[in-house]
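Sharing a structure here in structure tokens format.
Naming follows writing order (A, B, C and D), and every chain is counted from residue 1.
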Amino acid sequence: MIRIGIFGATGYTGLELLKLLGRHPAARIAWLTSESSAGQRFGDVFAVPPPLGRQTLIPSAAADCASTDVVFCCLPHVAAQTHVAAARKAGARVIDLSADFRLRDAATYEKWYGHPHQHSELLDEAVYGLPELHRAAIAGASLIANPGCYPTSIILGLAPLAGAGWLAGTIIADSKSGVSGAGRTPSLKTHFVEANENLSPYSIGRTHRHLPEMEQELGISESTNQRIIFSPHLVPINRGMLSTIYVSLPAGVTEGQVREAYAAMYAAEPFVYLLPKGQVATFAHTANTNYCAIGLTFVPDTSTLIVTSSIDNLGKGAAGQALQNLNVMFGLDERTGLI
Amino acid sequence: MIRIGIFGATGYTGLELLKLLGRHPAARIAWLTSESSAGQRFGDVFAVPPPLGRQTLIPSAAADCASTDVVFCCLPHVAAQTHVAAARKAGARVIDLSADFRLRDAATYEKWYGHPHQHSELLDEAVYGLPELHRAAIAGASLIANPGCYPTSIILGLAPLAGAGWLAGTIIADSKSGVSGAGRTPSLKTHFVEANENLSPYSIGRTHRHLPEMEQELGISESTNQRIIFSPHLVPINRGMLSTIYVSLPAGVTEGQVREAYAAMYAAEPFVYLLPKGQVATFAHTANTNYCAIGLTFVPDTSTLIVTSSIDNLGKGAAGQALQNLNVMFGLDERTGLI
Amino acid sequence: MIRIGIFGATGYTGLELLKLLGRHPAARIAWLTSESSAGQRFGDVFAVPPPLGRQTLIPSAAADCASTDVVFCCLPHVAAQTHVAAARKAGARVIDLSADFRLRDAATYEKWYGHPHQHSELLDEAVYGLPELHRAAIAGASLIANPGCYPTSIILGLAPLAGAGWLAGTIIADSKSGVSGAGRTPSLKTHFVEANENLSPYSIGRTHRHLPEMEQELGISESTNQRIIFSPHLVPINRGMLSTIYVSLPAGVTEGQVREAYAAMYAAEPFVYLLPKGQVATFAHTANTNYCAIGLTFVPDTSTLIVTSSIDNLGKGAAGQALQNLNVMFGLDERTGLI
Amino acid sequence: MIRIGIFGATGYTGLELLKLLGRHPAARIAWLTSESSAGQRFGDVFAVPPPLGRQTLIPSAAADCASTDVVFCCLPHVAAQTHVAAARKAGARVIDLSADFRLRDAATYEKWYGHPHQHSELLDEAVYGLPELHRAAIAGASLIANPGCYPTSIILGLAPLAGAGWLAGTIIADSKSGVSGAGRTPSLKTHFVEANENLSPYSIGRTHRHLPEMEQELGISESTNQRIIFSPHLVPINRGMLSTIYVSLPAGVTEGQVREAYAAMYAAEPFVYLLPKGQVATFAHTANTNYCAIGLTFVPDTSTLIVTSSIDNLGKGAAGQALQNLNVMFGLDERTGLI
């Protein structure tokens, strides 16, 4: 059995993780932390059936990392760093779902997140936890930086083009996300009456914090005159994410070549699937799963390719991917607990 | 022109009132108050078109009641009392949308709202602002206690039976409400992800504060062995309200007599309409209007009548009804600004 | 391995069943039928990931029941009878999700469903598939009549009272259901714009076809002056169901006795759980699960008990329950594939 | 009074038009047609309050165009042509909400709509009914081609750029629409369970029929190497529309110049408003109104301008705009019945 601790279990990512782990034959929950709900049972915080709700939440100070094989960290960025470092020191392998270890460069981190990194010494050992790009490194890693939801949908949607060297100029990624991506802390923006029957762009252009990890993983940089314009939109749905991505292909690159590149990269992937020609990805293609579905639409008489890339923001965009990483790290069938 | 001031303009009731007043030919807004947003324009607080957004919000301390003909009070109960009293003292007529002046008995108020009434001297002049029951008194009133949303749907649904003396024993009122009824302050219960794709009963039985005003207006009391069991439910909809009411009719009362009683009471009402036999009321019947729609379903071989009563909780359940009261008070066509 | 055939696989019940069976370690799909989509793959009809979508749909005429161990029938009533009879003749055990074999009395069936029963000879061997009531009979049954969704929520909500002989007079069951319960055939009532931001009662009183199976299973009959008034409501949610049930308890029955009766009946049940005192059941308690959650609210100073009973209409209300029945029939852990 | 007839009154556009006309002081409904519901009252088809529901629907063959001042045609394209021509022949002025008279060129119409135009003789007199572009011509017009919803949001979002000659190359318009835009005929795509909690791109690239009218009105043509890539998305909302538009500005054009161009064009417009710097348009900005709200976001260090343009698809995108055109045609205050 794999003994598991979870820091920050009472957000939507923690809830989803616990549901998935409940079906995983090799997982055993050792402890769950919550500062605000310490002393309560998990079932006091969420309306879950008894088997999921029995565990009593403990404060993070009481968490014994040494007694676990792996620690999931579901805390917000900055807060995550300290606990990740402590868990590593105690010898546990760590899957961090925050943004704290996704950027390889501490200066870039500070620029985007507004805080100097407190544990930059761990950046070297951190592996960006997208199995489709870094499977081998994940298998041997002690610290996984689980990707953000938007980056997962966009990187998987563009990786075959990046691999072939076909990304150039300005790429437009217009993304739509369900509200669970904004977390569980009440706010006016996520108040039911404000979000329902509404749709809102936010942080559009080049201001959203998920941008640098996309560009890092796709090898995009302004120095080569490449950039992503990224526009997230909040849609009145609990969970789901779609990125509609507009790419201007280099002259001479054919539809056939592009389709082949995608097929080559994803044919053996258990959780990425290409839609047949003529189909576009929708939220429904991946709802409540760990899959990413990708559609390719070529605009006739132009060089424009439109990639539609769908994931569940709590599945492949967070907890599902974290569990997939766990499976890779522990040499299990990658689909365990996820199908 | 009727000069109007609004205390507490930045909730959903205030917003709806402002939209309705914007179409009212005789209304002129003098001032709008907000403690938390004082100094901002209304358009900074809500995404409204420019004509609605220009007015600058002022703190209630700066509100000049003496320069208005009527003051709407959209503050929460308790907070409302002080400002209602001040407005009355300044000579303004008042339409109070809180619960503070709905109950005729100060002791009952204290029992249900947990605070001694600070201005019980005004209870005598307050008129319960349901025009279908109290039109004449409203016309001459200086202080209107605008009814709650649940009570409006249930009182209108039962008033013809009460009038005929046909209410007896236990009446079950199972009500369903949109989320705007819970106000604009963010909370976990009204967080999008919690409320969406969910449906929750709350304060069921005889615990919700809207109960005593229903019983007061329907002349129901435990002393005569009558009572309402009232079960509100939160549904993932912005606005709308339906009460499904189960009544056991006295022996000998026929369907024909009941239909006649409803027709007699509501035939001339501008904002209550009876649905044809065989139809039930739905949210859609009254959405975004000041109407109440009522359906009557008799259960064959039983004495049970099921009343379905639909209103828009922000319309006839709050701001629309307040405007209807204004029209009655100022001798205008009752439908002005409401159709 | 249990070889499984499914008649009528392209409705929401079929989809849910296929998803659940995909996680069941002992299930192997032999064939799926669809008249309208025969020749297409399941993945052409639903946006499902590849592993779920590969199977090609066949017309029911081509289905070989003899090669299966169990046949699920997801066809509408009337249409179901013929295929159930054929499957039984071929020696397959059958779990029928239609209404065709739920009523023990052929005359009652004809009265409510408007068609004479074509295979009343099978009514005797049919077992009503609610494991909490009929587990032993289900284990040995060759034909299971899987309960309706509304009946499941209401029967489980009332069974401990029925068992104790505490049901009397008129019981009010006010139920709320997600739209998937209405099936996948487009109609004006289930058109997005009509159903969204709306809530509609329908077939209220004593007219809905789910009524007779509730009364049959609870032993309620008009001859003893007992009856259920049943009012379903359509709510703008994909899946979920809540019944708010009002019961007048016999004089002398205490809250403690009632709680004990529920605890005694459900303590060992894997899929029914009682909520602590003070809590009510919501859709969220059972969403996407096979659970039924039950809350008990006693109204002080009255004899009224309000039972709130929540299930997922596609889970415990249809496909989940069907799989639970399969597990019981084949001697497996009842929770297999369901947790 | 303006005597009004409406062809095809029982779709969502007809419903919205009737609601708006109910508040218009100069409008009098002469007749409403519906083939499928002829003989029924409007209130039998929609859950509307009595004053809106009384009119009996007639078949179009019985419609007397000569007795009206203006005819609104809410029929689908192709079907609309015949009735528009008949109304014109009878001397009525016509506002056609279909696509039949939007394209000035009959060959382009045939290419995109797949039918030869049957009344191309009327194309010359037809005026594209966007008051912000063609107010003077609308005032004197006998036939108005009311714009499509997507084109309204995109043309208004880009017109100041087009006017200044700043549109070049490929423009990306990623649009999101509520479901009422798809009409009232039930289909699998608009079935509640399929559309809810989902988001779907459709007809993306250069295949949607609204594309040619956008390009016509913006003076965009492939001959000058300009083109719009247009990607509509269906979102689970009743009404609302947002276009997120990505434009690459010519070298040297500054943010200040662009803001000035928008301000100059829209300062006096009653129904278009610019959002302050730093704000983006959302559905909420225009819900249930005839407004268009526009936000301008400049992406630093790039030449990219992101325009967010919001309308209500049934308001400024259909019925509201039709009424605005009526007001212009009859010399009324343009805002009559619309504020």
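Here is the rule we use: a contact is a pair of C-beta atoms (placed from the backbone, for glycine too) under 8 Å apart; a residue touches a chain by one contact, two chains touch by 3 or more.
None of these values were measured; they are calculated from a predicted model.
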Required minimum of steps from chain A to chain D, each step between chains that touch: 1
Chain at maximum distance from chain B, centres defined as averaged CA atoms: A
Comparison of A-C and B-C by number of C-beta pairs in contact, larger one: B-C
Centre distance in Å when chain A and chain B are each reduced to the mean of their C-alpha atoms: 46
Inter-chain centre distance, chain A versus chain C - centres from mean C-alpha coordinates, in Å: 37
Centre-of-Cα separation between chain C and chain B, whole angstrom: 39
Shared interface positions of chain B, touching two or more other chains: 197, 236-238, 282, 284
Chain C partner contacts - residues on chain B that touch it in the complex: 170, 172, 174, 176, 194, 197-202, 204-206, 222, 227, 229, 231, 233, 235-240, 242, 244, 246, 248, 280-284, 287, 297-302, 304, 306, 308
Complex contact set, residues of chain B against chain D: 22-23, 47-51, 197, 273, 282, 284-286, 288-289, 291, 293, 339
Of all residues in chain A, those that touch chain B in their complex: 12, 179-180, 184, 186-188, 190-193, 195-197, 236-238
